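Okay, so chain A shows up in both of these, paired with chain B first and chain C after.
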Partner chain A sequence: MSKILRVNMTDLTAKFESVPEKYNLLGGRALTSSITCDEVPPTCHPLGPSNKLTFSTGIVTGTNAPTSGRISVGAKAPLTGTIKEANSGGMAPQKLARLGIKAIIVEGQPKKPGKFWLLKVDKDGAKLLPADSFTGKGLYQTYPLLFKEFGDKVAIIGIGTAGERLMSSAGICINDPENRPARYAGRGGLGAVMGSKGLKAIILDDAGGPGVTIANKELFDIGRKKLVAALQKNDLTKPGGALNTYGTAVLINVINEAGALPTRNFREGRFEGASSISGETLNENCKTRGGAGMTGHGCSPGCIIKCSNVYPNPDGTELVSVQEYESIWAFGANCGIDSLEVTGELIHMCNDFGVDTIEAGVTIGVAMEAGLADFGDSKKTIELMNEIGQGTPLGHILGNGAAVTARTFGVVRCPTVKGQAMPAYEPRAIKGIGIIYATTTMGADHTAGYTIAPEILGVSDDIDQFKTDKAALARHFQNVTAYILDSSGHCLFIAFAILDDPSGLEGVVEECNGVLGTKWTLDDMVKLGSDIVKKERAFNTAAGFTPADDRLPEFMSYEKLPPHNVTFDVPDEELDKVHHA
Partner chain B sequence: MVEVHLYGKLRRFSDNQDPTRHSIVHIQAGEADTINDILRRIGIPRDEVGDNIFLNGRYSSFERKVKNGDRLGVFPDNMAMIIV
Partner chain C sequence: MSKILRVNMTDLTAKFESVPEKYNLLGGRALTSSITCDEVPPTCHPLGPSNKLTFSTGIVTGTNAPTSGRISVGAKAPLTGTIKEANSGGMAPQKLARLGIKAIIVEGQPKKPGKFWLLKVDKDGAKLLPADSFTGKGLYQTYPLLFKEFGDKVAIIGIGTAGERLMSSAGICINDPENRPARYAGRGGLGAVMGSKGLKAIILDDAGGPGVTIANKELFDIGRKKLVAALQKNDLTKPGGALNTYGTAVLINVINEAGALPTRNFREGRFEGASSISGETLNENCKTRGGAGMTGHGCSPGCIIKCSNVYPNPDGTELVSVQEYESIWAFGANCGIDSLEVTGELIHMCNDFGVDTIEAGVTIGVAMEAGLADFGDSKKTIELMNEIGQGTPLGHILGNGAAVTARTFGVVRCPTVKGQAMPAYEPRAIKGIGIIYATTTMGADHTAGYTIAPEILGVSDDIDQFKTDKAALARHFQNVTAYILDSSGHCLFIAFAILDDPSGLEGVVEECNGVLGTKWTLDDMVKLGSDIVKKERAFNTAAGFTPADDRLPEFMSYEKLPPHNVTFDVPDEELDKVHHA
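The block that comes next holds the complex of A and B.
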């Protein structure tokens, strides 16, 4: 029987509770957002005692469903002031699920600020231990110390110094299969929420755990096989396919060719140095340098896609894992830097300090706009990042993200929505993703409805990237994403395969029905997704957000983006139609 | 001239196969030439091309007409984000 673990950081207790009936069929984002809506006052301070941090694995996570090692982390976010769900792979999701824990809720706040704790969870229970000897250091030092203490088979969900210092760009880190501090529930500053709770890390030991109960094994297997087949057939997701071979960075050349790769703080849509930071170059360097370098690295066991990589130095030693599309773009094209060696070093710094690479890279772009460094100046970029690592006053400004940095230095060209930095798709050149950025409950977030798939990547229908009447598309994608991807426990990237192959999509529905013993149809699941988005919207409304917040930054309405020379011309009424059809 | 940017394994149809640099073929477009015609003239087999083709940064079908001065970006099937 699955349980909820409630951890109170005020009185330092950790207690198991039975799962309320209303949560029985929820997982992942559906559960974290439901708990946030039910238990967190929308007007609370995100770093105060009333906020709660919830971890929940997806419905099929912990089973042998393919590409399903995902965890959702939810709270009210300090970066945006909205509700937030950040999602990650890594080693923790499956271990948490196999411990029979549906969710961990962390609440309250230690009476003594600055003191940190570890939460150790195993088959026998949960307890809080002092974390004194594990704080104040980079995660590349801290994680090995924790594995030495608890054994290398545990999984760790932790924060770096940025989270300890309550910076709004702080993410929550999960170890990868080789125990690197490399995977992140990155967005929204949830690392700062964890820091505000005085929780340095959660240590999960699933040895002897009960595992995940599957109500209808036969149906589950039918669904699983359909999804496996869809993933293995799709050119993007199959073994040896685009993601497996080039990593997510395969998108650098594609989006650059589409004129939609934000360059030098969103001044242009095409970067002359794109080739040097592309997935092709990454793949070539991994192949020719030998040693530690590899593409086709999996971030969690049981993934078919394996889009991760280990990037080598010129001498073959390991520089960093992982160089993702978003991270490479954020420090690369967005900062005018055309070197994978430099983006790799900067990603390593993010992993070490525990900050979100997208927020950090966009912040540096804004800092460059402010004159703190020239575009393309790698040395100065590394110096600025070090300010974050050292927690200097400038580091605190930068560590609080792009919007805070822009405001501090009077920068108008600030590419954020609801305080969160935009990811690597220019909304002026790809309108649908702009509608998503504007209207998601999360702030600028490409994962809330990946319309890039139909708009650029040709998955399913051919939808023109410049058309503006996409409210219905944006609504549908947000609803589908909320349940079928973020709550089922599958990685977002199965979307490529299941959008293209109805049988794969059917498979996901059957897997979920198999685990839960439900009889959901696809429409039922989209409806559940729509319910989640509505609930999240209601939270944000109660927190003070209005349709006026569902807008892109003004400069995008009057600055024409080369090479297409277009502004963001989606009318406000179209944006408002997304949630008020 | 049409400026054709080739990616992945299609770079072999240009002078440059180094992925850090551009692989560009310049080719004269005739009156009624489509993307299909241009690709055929470069000698790129149709089945090596995915559906990821951009004409002046715009996602395009093979049938769209091209004219001199256009930029064409062509991705191979194994980088194809395209399906169908």
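The block that comes next holds the complex of A and C.
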């Protein structure tokens, strides 16, 4: 029988509660967003005492469903002021699920700011411990100290100095299978919310935990096998497939070819140095340099796709895990930098400080726009990033993300929506993802509805990237994502397989029904997703958001993007149709 | 026949246009707001090419109506994202009016940022001249250079380095009668809009100008005399009255006594050092130190009230003009500083850099909250202000105002509404002004509806400061202010006289009817004010503002303010009634 763990940082208590009936069939994003909607006043200050930070694992997380080790983190976000769900893999999700904990709700805030605590959770209960000796350091120092203290079988959900300093690009870090501080619920500044609660880390020890109850084991297994089959068949997701071989960076050449790889702070759509930072080059370097380098690395146990990697230095020693497409792009093409060695070093810095790589890279691009560095200047970029780690005034600007940096330096060309930096797809060149950026409940976020699949990759459909009438597409993708992916506990990347294989999709539904004992159809789950999106929208509306916020930055309407020389020409009416069909 | 001057900064043209009929009866705020509503897309970037900056003098400005030398400046504001009107006295308003120019509209933007221009306007026309030799310096250097170039009879409307650097606390400066850079259309960051247009200064030479046409001279004179009589009778506004003798700083002791003088970043409502920074002390120092010091200084010709001052150093030399109530408070009580020498030095810095004193002082209070200085530390405060002048990263943070500073350093106790710093009246202790802050179209702004008059000063009525049912009061004050004060061209401070003397109020109506040849009643003018407020609200709504933005910061709802130990307890419903009666 799973429980909710409620942690009050004002009086430093951690108490278990039974799960209210209304939450019984929820997991992941559906649960974090529901709790945020039920318990957080939409107009509250994101870093004040009224905000709450919720952690919830997916419905099937903790079972042997493939590629399902995801945890969702929710709160009102300091970066955007909207409701926020950021999810991550790593070692924590399955451990939390196996402890029989459906959600952790962190509320209140210490009366004295600057004091930090650890939350230790194991089968016997939960308690708060002083974190004094684990604060103020980089995570590559902190995580080993924590593992030394609590043993290397625990999982850690923690924040770096950026989160301690309440910077709104701070993410929430989760250790990978080798206990690196490498996986992130990165977006929206949820690390700053955790910092504002005075919570440095959650230590999860699942030894002897009850595990996940499966209501209908037979049905679950049927579903699981269908999904495994679909994943193993698909060219992108199968062992030895594109993601497994090249990592997510396989997209660099593809998106560059489409003229949609944002380059030099979204001034251009094609980067002359793309091949140097491509998945193909990454794979080649991992292979030829020997030593620590590898592609096909899994970020959490039970993943079939294994799209992660460990990137080696030229001498074969480890530089960083992981060079993801978004991270490579953010510091690479977006900053005019064409070196995986440099992007690797910058990603390492992000992991060390605890900041979101997308936000950080886009912020550096905006800082370059402001004249703080030249595009392509690796040395200066590293210096700028170091300011974040040092917590200087400039570091505070950059650490608060692209929109704050643009505002502080008067930069108009600022590629954000609702204050959140755009990911690695140019919305002027791929209209559907632009509609997604504009209309998600989370600010610019490709994971809320990955229309790149049909618009560029030919997955599920083959839709002209320049067509603008994509409100229905954007709506459907957001609704499907909200439950079938973000709430089931599966990674977004199963989408490639299940979009192209109805049996795989069926498998996910059956897995969920198996765990919960429900009889949902696919349509039921899409409807549940739609309900979650509606609930999140209602939160945002109450927080003061309107259709005027569901827009891309104005400069994209009058600056033509090379090489296709296109503006973002999706009519406002089309954008407004997404949520008001 | 008056004209509109349209200045296009993209192609560097300045052309006169006839006034569209719909603008014929408008002036001041009514005209700037109407032009903004008609020509500026509400969702545009405030510093981008689509925003426009409009200057318009009041209906009676340029005549001999008393205390009517005001100019209104309008645009979409970078500080708030709302529509904005900021108005000022000084030497420019009457000169612009006498040149027969109803409004100047500045639009477009140079393709290359960083290049600045002067707009020279005289009876023969208008032209743009390079401003290279007048940029990058403090205004105490720049203004003398400009007067040297153009003669000391011109008036200058200019920006300092803060405006050049696009900082959103940058105001627009106008010289006073002794040609000091001392009067400001301060609020909302309009100086940054002017900076974004590449316009360093407007030089107005009214020699030989046509003057203001008065349709019904007789009626105008009747009205003018009534207003003069009312101003000369009222204890606050008469020669030798409170404002004339003590300046606006007469309020320091009064508001402190009411427990509503925000102290140490709005932590308390009473300042133990109030008497040291009071109007009484200011007057005493001006009298006893001899030399340059004076109260009863007029900020523009034809003012009867003359509430300005020149504050002397101990040796009688000039420290600064002007030590206003809001400025003294912002750097004084609000920063825990109890010295007029220090507030004077800080105001001088604001005038030199071209920033709004209210925004700057509240920003320093927030910076103190963030730990950048201790409350009361004058030396460190001056150092922090110098960062703005130097344009360092920290200076860019502070120069962008209190909300950006709070966001950058994670400060929750941030006294702003819609991103604009609150002025010198604690809304928890004076509920009506809190309703005004929450519901004006401009962000926290006491000049949009000065309910302090009845709530504290016993002017027009005597209303308990703690009563919360003041939606109707707040609505009425906003509507009256919008036309009768901000559009007529009269200074806000005539309000004390006309609120207590129906004949004075009648006089203002007759002055306007006299100039325009209209037959407005008082009710007509209140209705016109209401129409302007509605128009401004519609702009804000289209820009994405909702009732959720018509709120005070959350901390004021749970932190009790000493000495009365009150929270801001006006129900949201009461706030929403202001504009939806």
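What to note about this one:
What we mean here is this: the second predicted complex is superposed on the first by the 581 of 581 C-alpha atoms of A that agree within 3 Å, B and C clash if a C-alpha of one lies under 4 Å from a C-alpha of the other, contacts with A are read in each partner's own complex, and residues count from 1 in each chain.
Note that a residue touches a chain if its C-beta (ideal position, glycine included) is under 8 Å from a C-beta of that chain, and two chains touch if they have at least 3 such contacts.
All figures in this text were calculated on a predicted structure; none of them were measured in a lab.
By the touch criterion defined above, A:Asn400 reaches chain C but does not reach chain B. After overlaying the two complexes on the shared chain, residue contacts for A:Gly410 are found with chain C alone; chain B is out of touch. When the two structures are aligned on the shared chain, A:Tyr558 is found in touch with chain C, with no touch to chain B.
When the two complexes are overlaid on their common chain A, residue A:Val228 makes contact with neither chain B nor chain C.
Legend: residue contacts after superposition of the two complexes on their common chain; A:Cys299 is shown touching neither chain B nor chain C.
Shared-chain residue A:Ala542: touches chain C; no touch with chain B. In the superposition on chain A, A:Ala429 makes contact with chain B only, while chain C stays out of contact range. Per the touch definition, chain C reaches chain A in the complex via residues 41-45, 47-50, 165-168, 192, 195-196, 392-394, 396-397, 400, 404, 407-410, 412, 541-549, 551, 553-555, 558.
Taken in their complex, chain B has these residues touching chain A: 5, 7-8, 19-22, 50-52, 54, 56-59, 61, 73, 75, 77-84. Residues 234-236, 240-242, 245-246, 250-251, 253-254, 257-260, 269-270, 275-276, 278-281, 283-284, 429, 455-459, 462, 464-466, 496, 500, 563-564 of chain A are the ones touching chain B in the complex.
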